[in-house]
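Take this structure first; my questions come after.
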Amino acid sequence: MANSKFEYVRHFELSNTTYLLPNTYIVIRIDGRSFHRFSTVHSFTKPNDPRALSLMNAAAVSVFHDLGGEVVSIAYGVSDEFSFILRKECNLFDRREAKLVSTVVSIFTAYYVSLWPTYFPSTPLTRPLPTFDGRAVCYPTIENVRDYLSWRQADCHINNLYNTTFWALIQQGGMTPQEAEKELMGTLAKDKNEILFGRFGVNYNNEEEMFKKGSVVYRNYGAVPESSSDDKVDEKEDDLEKKEAAGKETSSPAEAQKGKSRSQQKREAKKLAKAEVVIEHVDIIKDTFWEKRPWILHWTLGRQNEYAGTEQ
Amino acid sequence: MANSKFEYVRHFELSNTTYLLPNTYIVIRIDGRSFHRFSTVHSFTKPNDPRALSLMNAAAVSVFHDLGGEVVSIAYGVSDEFSFILRKECNLFDRREAKLVSTVVSIFTAYYVSLWPTYFPSTPLTRPLPTFDGRAVCYPTIENVRDYLSWRQADCHINNLYNTTFWALIQQGGMTPQEAEKELMGTLAKDKNEILFGRFGVNYNNEEEMFKKGSVVYRNYGAVPESSSDDKVDEKEDDLEKKEAAGKETSSPAEAQKGKSRSQQKREAKKLAKAEVVIEHVDIIKDTFWEKRPWILHWTLGRQNEYAGTEQ
Amino acid sequence: MANSKFEYVRHFELSNTTYLLPNTYIVIRIDGRSFHRFSTVHSFTKPNDPRALSLMNAAAVSVFHDLGGEVVSIAYGVSDEFSFILRKECNLFDRREAKLVSTVVSIFTAYYVSLWPTYFPSTPLTRPLPTFDGRAVCYPTIENVRDYLSWRQADCHINNLYNTTFWALIQQGGMTPQEAEKELMGTLAKDKNEILFGRFGVNYNNEEEMFKKGSVVYRNYGAVPESSSDDKVDEKEDDLEKKEAAGKETSSPAEAQKGKSRSQQKREAKKLAKAEVVIEHVDIIKDTFWEKRPWILHWTLGRQNEYAGTEQ
Amino acid sequence: MANSKFEYVRHFELSNTTYLLPNTYIVIRIDGRSFHRFSTVHSFTKPNDPRALSLMNAAAVSVFHDLGGEVVSIAYGVSDEFSFILRKECNLFDRREAKLVSTVVSIFTAYYVSLWPTYFPSTPLTRPLPTFDGRAVCYPTIENVRDYLSWRQADCHINNLYNTTFWALIQQGGMTPQEAEKELMGTLAKDKNEILFGRFGVNYNNEEEMFKKGSVVYRNYGAVPESSSDDKVDEKEDDLEKKEAAGKETSSPAEAQKGKSRSQQKREAKKLAKAEVVIEHVDIIKDTFWEKRPWILHWTLGRQNEYAGTEQ
């Protein structure tokens, strides 16, 4: 081959290939680059521009669709950032970090640019174009993942209360940004609530949920009807399998998912992939959200399908 | 802080933060995801679609402009891939791999999507949108970087000769893809040249340079006029500095760049940033290209500006 | 400072500093370097030398003692390898991989060399001295850790059955190593058992447990008496804490450990650190071992002590 | 296989396997763990114990011998630390970081413990035994490596001047450690020199070179006689090769090493492996040391032998 004497350079790739630890949740967080300037140039309303947030959400939904049903569990967005939680069984690109991060960022960017005219019909997109950077972090347990999401949502609340008050002082109170900043220095949440209500008659609790809670995106598996023609076929497979497996028992509750037959699991996967992707603005810090949608973090195909490719 | 009990999750980021080795060239290579299908759906001409290649080149030029004058040294594109060589002094994002890769991929994607109508005025962009993944590899020496680029350009030649012959057999020879593949199995370069010339009267050497050589993108520093009003001011600074430095000598030729005064280096950096980004379809395997454009890989601000921030 | 202009080289360390993912079990496995040759030069008995295995075990016990009570959960050794499972809360050296691996290897080596005359009183240690290499792998769940240990113990069984038969064919059957290897090619476990019993009257089940099962090393926490004068003081602390915590409830069984008061946890940690390190040759694949010693993998100080340093 | 269902755990190793960047110098630095306490328990003389330093040097020499002639270029030791510079062509363990670091640490530890009675005949080694941790850092250029070594030697000087003065104030001046520390706070090098000379009649320049400069360990290639019977054979090979290569020219001085025939390179490698390992206490910051021993950092087998395994 004419290029054989150059091919040694491929050996260098090995040093910069990171495989994310298996059996952990992968969080890919993307952030808008220089979005402070971008939002000014494109005249975003302050403190929150519903068009901009809805465009972020639409781009996030596209990530779910582009990657398919078995990759992203849930995503959470606030301001110009979005976090995608990948299932711990995810084996896309063999869990290579650079490919996972760059792919999510690329899909998000492509749809953000492409959908711009839908959300900002009268504002042409000017250069430099909107772009995003990304990073991946692994979390070993559901508790860690929920704490991660709680961290982002608590941050959303803190920032939004600050920004709502800051812009009220400017837009309604006639202050300069510097004066508003000084006014808010050292204030607690209740002080900011008082400023809003006392000076501007604004009850923070009545602000839009999207602004206060951010946006939660996930597949609404629970809403999908339980039965379909596809499932019929699968059920037969399942019966067969059950007979073969007779005798084996699965007692531990922790084994519940693993106790499911493989065709049952495949059926669930198929159903999940079909489930509509929804956007909600709700509390994800408390248990209620998770208890009502148990499939979001718990659903799994079982480890044997992912790594070994072997039949037990 | 309301979110302080969740913030421990940030500690997990440390485990997946890779800092690329300083003082090495960073190569970021991006690849189109599922471009085989994308090119079929969008009716790219085969074996090469000049519109698609020009769009790739335009997106690459935008990466140069978006990142500014001191980051990318040179880029090389072929088919649906593009490699960006970052200067070894590059300290963008503290050389964090995920941010570097995702940013380059995001910029490239944004411009590819945005510029699509310019290059494909009569072909609407349909879903799934075009996206790219990326990776970073470090190379310690100029020799390694040149071998990397030679590897890609040799690959371009091999693939293009194959594809040109393959599609000639189909489009002009009436073969099916399977027949064409079989026909080419085990053939050498000269065999393919003979098929092209003997059966179809095609002299491969007359094919378009963009198809045979790929696309080389760089700042045409050499073409920038040497003097400007900005430089005037800098020269004064320079004189002052020279006086201070009197007595110190720099004898070794390897010290040539370091021998330059800091204001001289800043002036060069400014000039480089202003230089026009050009696209050429030329041989980069032989020495000629590099000898005529010595600034591409050799130009440097010197290590002391980058890491220590200290005056020697 | 005289060395300030050189200090920039420290920045390069960042690129090769790996922090192991928090909240995962760290497995450090060490292997003897060129131990085939080393065992021949030092006349180890074949297929197993009880002196050599006991020396490995003594060196492993020293790792427990040197690192203190809260680092290693359990260790498993077979032949010239030993695996140390570090608790998932372990924060030693901020979980820097190179420091963790090199420290465990260094302790193990130091004691192996130093204790040699105790186990091989009539065999002087000759050069090259015995040395070990090591590596670290993270496992996110107890299930993964148990599967890791099961993998090593199953490997022990397979290798030992092979080696026992191989050396019987040579030592008692008069075969050359090549003949013995050929004889065993393609044989199953039952074939080897038959060769041992049929030709040499050896019942594999009666072989020494240390050879068949390997060596399990852990702190015998269960055997430590429950009460001591230290604990008295701690109990008072505990009462106080309980009163403060009144009202909070911890219902989920998974919260059992977290439900423990911090002084209770400290008391347990102290007790664990005092517990004798024991060596056993038992099955660790089945559940029995783990059910009887629940503290080995489950015991934890709770995450809040480890990462945040914050009071909730 | 009985253990096949557990083997999936091997996939997790991939996430924690780091391959150090090819074509860079690898620096492995080891440090004594808790040597402050160790040196007190074993009554090291202060500020420097020649026996302890000589033992460190002997252990370092053993690393050269154990790893063979082509791995370590040079090593530098001071106090309880030692840095080993591996040749940039080093491909030992495929450059896996954990194996490289742990192996060097293990060899060093084994010899330190084993040689202890030779250097401390009347001081028994007590527990905890002396152990070391290690880390690896890559440096892309000779300039970076020399700056690394200069950093360590400059540090040696600064620390030794401080310690010499500190212990003179205590041992000869009758101060407590606290008083000595306070006395030295904010002093410059010349102040310390004055304290030593003015109060204690000590001329720092007359202190032992090993204390002031540290220890430099390398193969004394230059001292090996040029010709031997082995070489005779090689020379014939070489002649043959030269004839084949006739016509090719190598003009650039940077190509000097690559211009050497492969058998010439092998001959040099063999000679280097035979060369005696020497310990010197000399300046390695200035150019002189390096100019007189050009083989230390420049010698190379050429990249084609290392990565591609291909004949050009």
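Structure notes:
All chains are identified by letter, namely A, B, C and D, in their written order; residue positions are counted from 1 within each chain.
We take it that a contact is a pair of C-beta atoms (placed from the backbone, for glycine too) under 8 Å apart; a residue touches a chain by one contact, two chains touch by 3 or more.
The structure displayed is predicted, hence computed values, not measured ones.
Note on subunit C versus subunit D: their Cα superposition corresponds to a rotation of 180 degrees, in steps of 5. Comparing the contact residues of subunit B and subunit C by number shows a mostly shared set, over half of all numbers used being common to the two copies.
Between A-C and A-B, more C-beta contact pairs are found at A-B. For subunit C, the chain with the farthest CA centroid is B.
In this assembly, the C-alpha centroid of subunit A lies 32 Å from the C-alpha centroid of subunit B. Work out the mean CA point of subunit B and of subunit C, and you get 49 Å between them.
Chain centres here are Cα means. That of subunit A falls 39 Å from that of subunit C.
Residues of subunit A in contact with at least two other chains: 5, 7-8, 12, 15-16, 18, 20-23, 138-139, 144. Contact topology of the protein chains: fully connected, every pair of chains touching. Partner subunit C is touched in their complex by these residues of subunit A: 21-24, 88, 138-141, 144. Those residues of subunit D that touch subunit C in the complex are listed here as 1-3, 6-10, 12-13, 15-18, 20, 30, 33, 62, 66, 93, 96-99, 101-103, 105-107, 109-114, 125, 128-139, 144, 147-148, 150-151, 154-155, 157-158, 189.
Residues 4-5, 7-8, 11-12, 14-16, 18-23, 95, 303-304, 307-308, 310, 312 of subunit C touch subunit B in their complex.
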